[in-house]
Structures are given as C-alpha cells and as structure tokens.
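Heads up, the next two complexes both have chain A, just with different partners, chain B and then chain C.
Here is the complex of A and B:
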C-alpha cells in the first residue's frame, strides 16, 4: 500500500500530479488563516478583559454550533432538537455538582459528553431510520421529552427553577471559577473548544468525513456504493451529540447553574440560526456565525432592547435570499469572483 | 461449481447471476412475474421492453432495493435474496441509475473516490486525512483517464454537461470493481451528438464483467449486446441473439413494431 507517498516527484506525470488529485491530497493541510480565530481569542483575553464573560458565552456557542455542523452540515441530518444533548450535558454536570457527587470539572465534562453521546446513540438508532420532516419532528420530540423529564423530576433537578450555585472544583485543583472574573472560565472554555475543534477537523477530512458528505449529497447513491449508511449516520450523530453535551456541560460550569432553558426549543433554534448565518458544512461557519449572532444580540439588544430581534430577522432574510451558504459562503463567492481571479492571473 | 457451468456450443460459460421464479407485486399489480433469468460471466446482455414492462423493478430486485414477493436471486450460485443492497455491492453487484444519482456538489474525482474508498474499506477510518489514501485517489484518477474524463476531474459534477454526468454515473459503478454491472439506460437523456462517448465507454468495459443493460435506444442495444431479453408486462417474452430478436415477428409486433410504425 502506498499510503503517504512522497509528494510531488516531478519526473513523470502520475495520476497524483493531476490538479484534481492534488486538491484532494492537500485539502486537510492547515492554512495560515486557520490560526486567526485562535489568535483573536487570545487577543481578546489580553485586550478586553471586561468582555471575557461575553467571550466565554461565545466559545460555548461556537462549540455547540460546531457539534451541530458535524451532523447537519456534513452528514445532512436535519435536526431541530440538538438542545436535547446540550441539556443532557448541562444537567449531567449540574446534578453531579449540586448533589456533591462529583465536582472536578474536566472529568465532569467528559461524563457530560458520554451521557449526551449515549442519548444520541439511543435516539439516533430510532430516529435515523427516518428522513426529512419526520426526522425533524422526532428530534424535537426527543428534546421535548427530555425537557419534560427534567421538569418533572424537580426533586432532583429543581424543576423549572433549575439548580443554582453549582460548586465547581478548581481546574487542576488550582484555577478557580470566580463569579466575578471570567479569566479561568474563558481560558478553560477556549482549551476545551480547541480540543473539540481538532477532533471535528480530523473527522471531517477523514475518509469517514468524506463518506458523510457523500451521504449528504446523495443518500441513495451511498447505499448503491455499498456504504453502511445508517451505521455511519448513527456514529456521526453520537459524536455530534457528545460534543453538544460537552458544550452544555461547559455552559453549566461557566455559569454555575443549570435550568430548563438548556433543553429549550429556543436554544436549538438559535444554534441552527448561528450555523446557517455563518455557513454550514464548512467548519468555520460555527465561528463566524456565533460571533455574528452574539455580537448582534449583545450590541443591538443594548440599542434596541425591545426590537433587536427584528434586526436579526432582517439579516436572516437577507442571508436566505442572497447568501444561501451563510457569511462564509458569501465571502467565498466574492473571493472567487474578485480576489481569486487576481491571484490566479 | 460444476453445477453452475453449462455447455453452450462447446464453450463453457459460468452463470454469474441467476434468478429463479422471481416475482414482485405492488398491490394488485404484478410488476415482475416468475422470471427465470441467467447472466453469464463476461455477458453483454440487453434487457428491452416497452415502458412499464418491469425492467427497472427487475433491476431493483437484483440489487436489493426491493425485496421480491417470491423467488430467489443467486450470485455465483449463492442465495443472496435476503441480503441488503450494500451487502450485495460488497459481493460484486454494481449498478447505474436511469436518472443520475451523483454527489453533485463534489468534484468528479471525489465522486469516484467515495466509491473506491468504500470498496477498499477505507471509508470507515476516522483519524487520518482522506488525502493520505493516495492509493484511492490514484486509482480513481486512473479510472477517469480510461473514461477520458480526466480534464473534468476537478469540476463539480453539477457543472458538467449531461453526457459527461452520465459518464461519472458509470465511473462510480466501475470504481466498485463489480463482477456484475447493471446499467439502467446509460444513454438516457444524452443528446445524440454525445451518445458516442457513452457507447465508447461501454465498449471499453473490462471483458470479464457480466453486464446487463436496460436500453431503449436500439442502436445501442444492437451495437453492444450479444444477447437480448425482451420483457413485456413483467414477464420474459423472448430471449436470443440480437439477430434472432430482430427477426422475431412477435417481438416486432409488441415492441420494435412501435418504433417501426412511429
């Protein structure tokens, strides 16, 4: 097997020297601009310490949107119920901490991911037999069921009021989550996001990720090339659910409380809007979308506290009309039209 | 295996794919009725018949898209009636579709790579980049060269003219290295000025593959097929060499006649 063949031997034109082959061979390589979001995140830490609370919220939103992108953007699983996993992760952390069972943050986060992954696996085994609107409705049902379960088990979950003042142990026993300063929360969330991002990035460029795009592009054809489609979808959905669970766990830890809003349809819709705004199926759409959405919410809401969602609605209409692939897709189209030509000529 | 071989004119041929009393009903409609059919190794076999004769249903039964109401499907003597579609692909049955089913947003090369990666068992791997499987990419690229699609390899499938898209449809199936290839109207919808590229590609298919082609275009059938089966109303109406079929007055009446009078 000639895996890892030596790149570019100029002697004869082999099939691998073809431009199309070179695109596929080099697609996973890191580009210089991929460091920008991380540099910006580090920059924010030093430049705007007053905004670290907002920054932490942003990082959690990015992670959640990234999880959704894996399922919706890459595998084409139409879901409006991803808060089911966000909430499962949040309540896993919340219940363990509130009842004094386990407060160590990193392992709690792993448990949050595992719990959400199990929910994703079990629900995925059932709902991924369906497609389209049926699938969409079933994802909402799953979320609603879990929300009601959390509501009804109020002896443990605090019901509608949730669980306040979660005691989260310091990270590595040293770095405390302070309610006044968000430095620890921010750095912690940033590192968690980085690790999860590297996992997602590896997955989407892997042969597995390629088969997911195949499923998104033409499910019936994937059956006809011998792909175990449902197994692939369930695996993808499970990983996506686990990542959403980690996002939820992170939310609970950095806010030091959980409530039913983590299971909300509102939250599931928001993450979908974030992803569509940024551009789905392109990895960085989660980043761009989350920044755009939260910045709008944060600043528009300050100017027009009552009507800021009108601005958001207008923006979504514009995106739907003129930029189906979100802000990133629009950027790519413009680059291809103006910048790319200049670079090529 | 001896049971599978039969003498035809002194030449030993091996049956690759066989159906025994294969039937499929859709409610009261008997779409396919008790079909006994044999496809030999290396066959170039055409399946023709008027619209609604059940040809595509028959192919769907062979590939496992549909389960038969009755009867069996055997591949190399082995009963595969209960096998799912994806499993049959692994056993060497590939098909193309009457209406393109392509990964339209992806490049031509990637379309083929997806099929090849699936065949060689790479597609479940999660933790290394697909670009590192240069064996998959090189094989896919080589296949595109044999189909003379290398100049389009970079393009998105959706940007290609329809005739070339039909070639990609074929390339994906060939990339699975099938023993049995089922072609559902490979030239359908291709403008006649372009149809030669499909025919050329068909004629260059590896000799050992058993090919069953559904086709309406009689020029394609008579140029490509060495054996022809005529289906009418879900049943086999006649079978023979292209010359026999062409000369058969009953076939002319039910099928060829329509074209002749039209």
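Here is the complex of A and C:
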C-alpha cells in the first residue's frame, strides 16, 4: 500500500504534520503481527493437507464475518439478517452454473458481489431509515422474504434440496476444483479473502471509515458536524452486502452446491456469534472468532458427535461472563494490564 | 430361549473373531445433535441390532464405526464430514444421511471417492442419480405416496380428494406422487393446500376447514411426524370431519411408531401407507422388535428409520462378504444390484437399474389395542413397489447425469 510510505516524506509544515493526521495515516502502516494470520493460513496448507476442506469453510466464514464487521462493528448497523446477502451471492453463482449460463469462477464471484450489493443498496435505502430493534427486525424480514422467494421459485432453485453438483470451470482455465481434495479451493478462497481484507482494511482506516466509527459512537455529533450520515451508512451497508455476497458465492463454488440454508437465520446468527466472540470493530476479530468457534465446534464434534454442543456452550458462557469485548478485547485488556505496563516503565 | 441364543451367539462371535478378524471401517454421517438427534439414534440402533442378530454371519469381519455429526440439514457439514472420512479415515463404506441435502451435497465427493454409500433415510427421489456409489435402503416419498394414490381410488373407493401438505420437498413429492396415481386410477384431486412449513406447527384449522367445505371423499395429508402429525389428527377430530364422511389418509411418515402413542385417541381410524410399522406380523420383525426392546427398554420401539439402518447394515455386510472385505466401490455396488434380503419389513430387493429399494407397502389403520395402546393394523398390501418417480421419469428423476 502506498499510504504506508507517507511518513517518509520531508517534514514540512503541512496539515499532514498535525499529530491527529499522523495518527490517522500511521494506522495504515502494516504491523509485523498482521502477517501472522496469513502465515498461519499458508502453514495450514502445507502442514495439514487433509484438513483443507474444513480450512476452506473457515476462510469463507472469516470473509463473511469480516463483511458483517464492516456494517456492525464499524458503522454500528445492528443487523441479524446478513445471510440475505450471503444467500444472494450463493444463488447468483449457483443459478448461473446450474443452468449452464456462466461457470467461470472469478467473474461469477464478481457478479455475486454485484448482485448482493444491489440487494444491499435497495434494502439499505429503506431499512437504514430505522434504528435499533426496528432495524434488527427489518433485516431479519428481508432475509426471510428472500428465503421464501427462493423456496417458492422451487423449479429454478431446487427449494430446500438446493441445486446439486454445480459445474465450476477451472480458475484461469488451469486450476481445477477437485471434489475430494480442496487444495485449489483453499488457495483460491485464501486469495479472495486477502483481496477483500485489504479492501476493508484500507476502507476502515480511511477518513470514510473514521466517519463510520463516529456515527457509531455519537450520531448526534456527526449530524452536527455536517456529516452525510444516511448516505455513508447506505454506502457502508452496500459494500458490506457485496462482500457478504462474495463470501456466499465462494461458499457455493467451493461446495459445488447451494441450498436454502444460505439464507438461514442460523447462518446469520452464527456469523454474529463468531464476530462477537472474536471482538467486533477490530478487523481481526473475524479471524480469531471464526477460528476459535468453528475449530472448536469441528474438533469437539469429531470427538463427541453427540455431546459437542456442551463444550461450545460452556465457551460462550465464559466469554459472555469474562470477556465482553471478545477474545481480542480480553487479550488487549491483559496486555494493557501486564505487558503494556512493563513496556512503559 | 431366544435371549439366551443371542447372548450365546454374541459370545461365540467374540471368541471366534481372533486372528482371522478383518476390520471394515464404516463412516456414519448422521445428525447426532439438534432436531434430527432422535432419528440418528433410531438408525444407529437399527444398525447395532442387525450386528447383534447376525453376529455369526458376518464373521470373520468386524465393523468399526466412525461417527460424524451432520448437524443442521444444510449439506455443508455433512460434506466436510464425508470428505474427512474418505481422505483421512480412509473408510471402506459410508452410511447414514437422514436429510436429503446432506446426501445431495456429498454426491460429488462420493462419486470421486468411489466408496459404497448407503442412504438410510434421505427420501428425495433423484439422489441416487447423482453418484453411482449411492445405494438406498430407506424409501423415496414416491413409494408411499404413489401406492396410496392407487389404494385410495381402488381400495377406499374414493372419487375426490383434497391434499394438504407441509410446503417443503418431501411434502411436494408426496403430493405429486399421490396426485399422479390417484388421477391415473379415476380419482380427482379437487384442491391442494400448502399448510405451513416444517419449522413450526401451524394451526391446521383454516386449512382443514377449507378441505371440509369442499366435501372430498378423502383428505390426504403429508406433514412431518411428531408434533405436526399430532396437531393435524387433533384438528381433524375437532372439526368433526369423520362424521362429515371425509377419511384422513397419508403416508406412514405421519404415524411414525415412536410418535404414535403421543398422538392420542384422535389418531384412531387414521389410514396410512408405509413399508414398515412395528406391529408387522412376520418372524423377522418379531425377532427384531424383541431384540430392540431387550436392548433399549420395553417402552422403546423401532420405527421405519431403524429399519432403514438395519437393512442398510445388512447391505454393507453383504457387500463386505461379496468383495471378501476389499470393499472396492464399484464391486461393492455391483454385489448389491439385485440383492435380496428378508427384512423386518418383509422381502426387499435393490433395483439393479436405480439402486433404490424395492419393497412391500402396507395399508395400515390405527386401532386402539386391548393394552390401551395405539397399534397399526394392516388392511391391505402392495408387493414389490419400485420408485415410480424414476419409473415414470418425472422431473429430475429422469435426468441421469
């Protein structure tokens, strides 16, 4: 990123020299620990090739949580209906592939993002006039309406049973998706996630992102300083929807399958739990939450197929009791208390 | 006497399996948690009872089950489980699949993994077309629905019918199967009423009132077993539809044995079509139910899911013996094409063309027994019922990929 180079400019008295400006610009700089999740993801590819199917699922979940983080964590849009966009993206890819219209993966993914973005824009224009619980209810309604529409268009969407065995063309015409081993799917999902992440990162550290945080923290003041609040919220919601759509499209491509569960309240609730568990409004909360929740669920369920929910429930109770700001929030608090003090003295 | 025999056989099996024993790994994918947990338990137990009752025949092979939870019926969880079972655990066969989406999502993997996969419940008709390794020992919605359509016209002498169904694939399949057969045999379906979804039990009164006002000879319903079916039977009684001359009929899903007692007196007189009920009077079933009650308590009962598991296990055991334990996918499937077995539900066969089960369907009436419990009395029987969806080539059943 170019912005990372800006502190190296000669120190002349420009507005950029202002301490506040320096803080804002400095936030774009990549810190060393930010490479860790990506190194871990690459490490997983080589160390545990047999787990790449689960790994791919994990990457899709991270992308979906990241999309939600933009709307919920940064702009404070209380939504429990983000699966509406996940499903729109998944069905865009699914319908195009199943009916033999378009199977090229990358352009399908872009189309999935556009379709979900349009749904986000249209619903956002109406929904974002409300706040709080009303907004929450309306987001669930939008999702339920789309789910029901997909159910009623049974002849095209396959209803509850979904669209089976989607033909997905090889990436760049070379890298084929094997059904049994997910190597290609994993690398493909990882690259998509990286691109989307860089986009979100740039966005939230930009003045636009800063204004979103302002809207979340103090709506009245943002109105008072003349910030175009509704427009910013709608833009943010649309981008978030498009990213959720890409996550959905990715899910459909890597599973070669799409069904009504992509519009499910269950999915919308799980991604919310993942985000809250990791810590919302923190960029990396999506990563930590998805890994903690899904990996625990996956491995507990392998060992105790009938009783794994007990372990997961226990974790959520502990998090709710002792770490209100999620795992990252807990880590930050501990760092401030112990590590940070030592560093300061 | 028989109890002692079972114990003796089991003991014999343990002592005899020594050096000769060859382990066969079976990956079992079932919804062990959530609303499907009860169904998973039925199938698990059905498989166990088969192994108990046939310990002698399966020697020298032993079975190791690797159980995986398919969780919510969205397909994705089952798919990851199937993938890991095939690539990490290197299983010799797969079994289970309660929900159709789980089998549908796993189909490409199963086709690529080339291992026998036995479907023990999932009833969407076209699934077996998706992978040549699928063999189904349960049923399709068409088998009960179509046969009931014929029986309603011929045995119950109905001229008109109204169909009320829960609005999801099994309901729609059942509706289409019933309608196709009923109208081919001179009946007329005068109205079809979507009656809510599978998630929550709706108030059936408006749907049934509409049916009552149309004065059909029979009201055919498909609703999920359990709370839905109980509510439907009670609404039928409350609206006085029997007195109005309307018979309540449906596929046997609505009188699932484990839910039957909970339906209460309102269920008496309900007429259903199914391939199994726990009261079936044949020696195999008597042995099966007795072993079940001994193992899991006198109050527990097997149902059609358990028989799907029992027959599925029998199919796997047959394939193991036929391939001498090698369990090569293509060979295992080949050994099951045309395979015949004497099941608790009566004689069954795997159709060599479709790899779907061919079985008897029984017309059952719910009666109150002398023990003050509800029972199902067989009042009619149709032999060797195939999946008509594939026979007639309807919709996706025709499309062989």
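Definition applied: the second predicted complex is superposed on the first by the 320 of 345 C-alpha atoms of A that agree within 3 Å, B and C clash if a C-alpha of one lies under 4 Å from a C-alpha of the other, contacts with A are read in each partner's own complex, and residues count from 1 in each chain.
Everything that follows uses one rule, which is that a contact is a pair of C-beta atoms (placed from the backbone, for glycine too) under 8 Å apart; a residue touches a chain by one contact, two chains touch by 3 or more.
Not measured: the values here are computed from a predicted model.
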Partner chain(s) touched by A:206 [first = chain B, second = chain C, both, neither]: first
Chain B versus chain C as contact partner of A:309, first or second or both or neither: second
Chain B versus chain C as contact partner of A:165, first or second or both or neither: second
Partner chain in contact with A:178 - chain B first, chain C second, else both or neither: second
Which of chain B and chain C A:264 touches, first, second, both or neither: second
Which of chain B and chain C A:101 touches, first, second, both or neither: neither
Chain B versus chain C as contact partner of A:321, first or second or both or neither: neither
Footprint of chain A on chain B - complex, ascending: 63, 65, 85-87, 89-90, 94-95, 97, 101-110, 113-115, 117-119, 122-138, 141-142, 145, 150, 153-154, 172, 175-176
Residues of chain C touching chain A in the complex: 32-33, 37, 67-69, 71-76, 79-80, 83-84, 86-88, 100-101, 104-105, 107-109, 111-113, 124, 130, 167-169, 172, 401
Of all residues in chain A, those that touch chain B in their complex: 1-5, 14-16, 18-21, 23-28, 202-203, 205-211, 213-214, 217-218, 220-229, 232
Touch list for chain A against partner chain C, complex: 50-51, 53-54, 57, 151, 154, 159-162, 164-165, 178-182, 251, 255-257, 259, 261, 264, 266-267, 298, 301-302, 305-306, 308-309
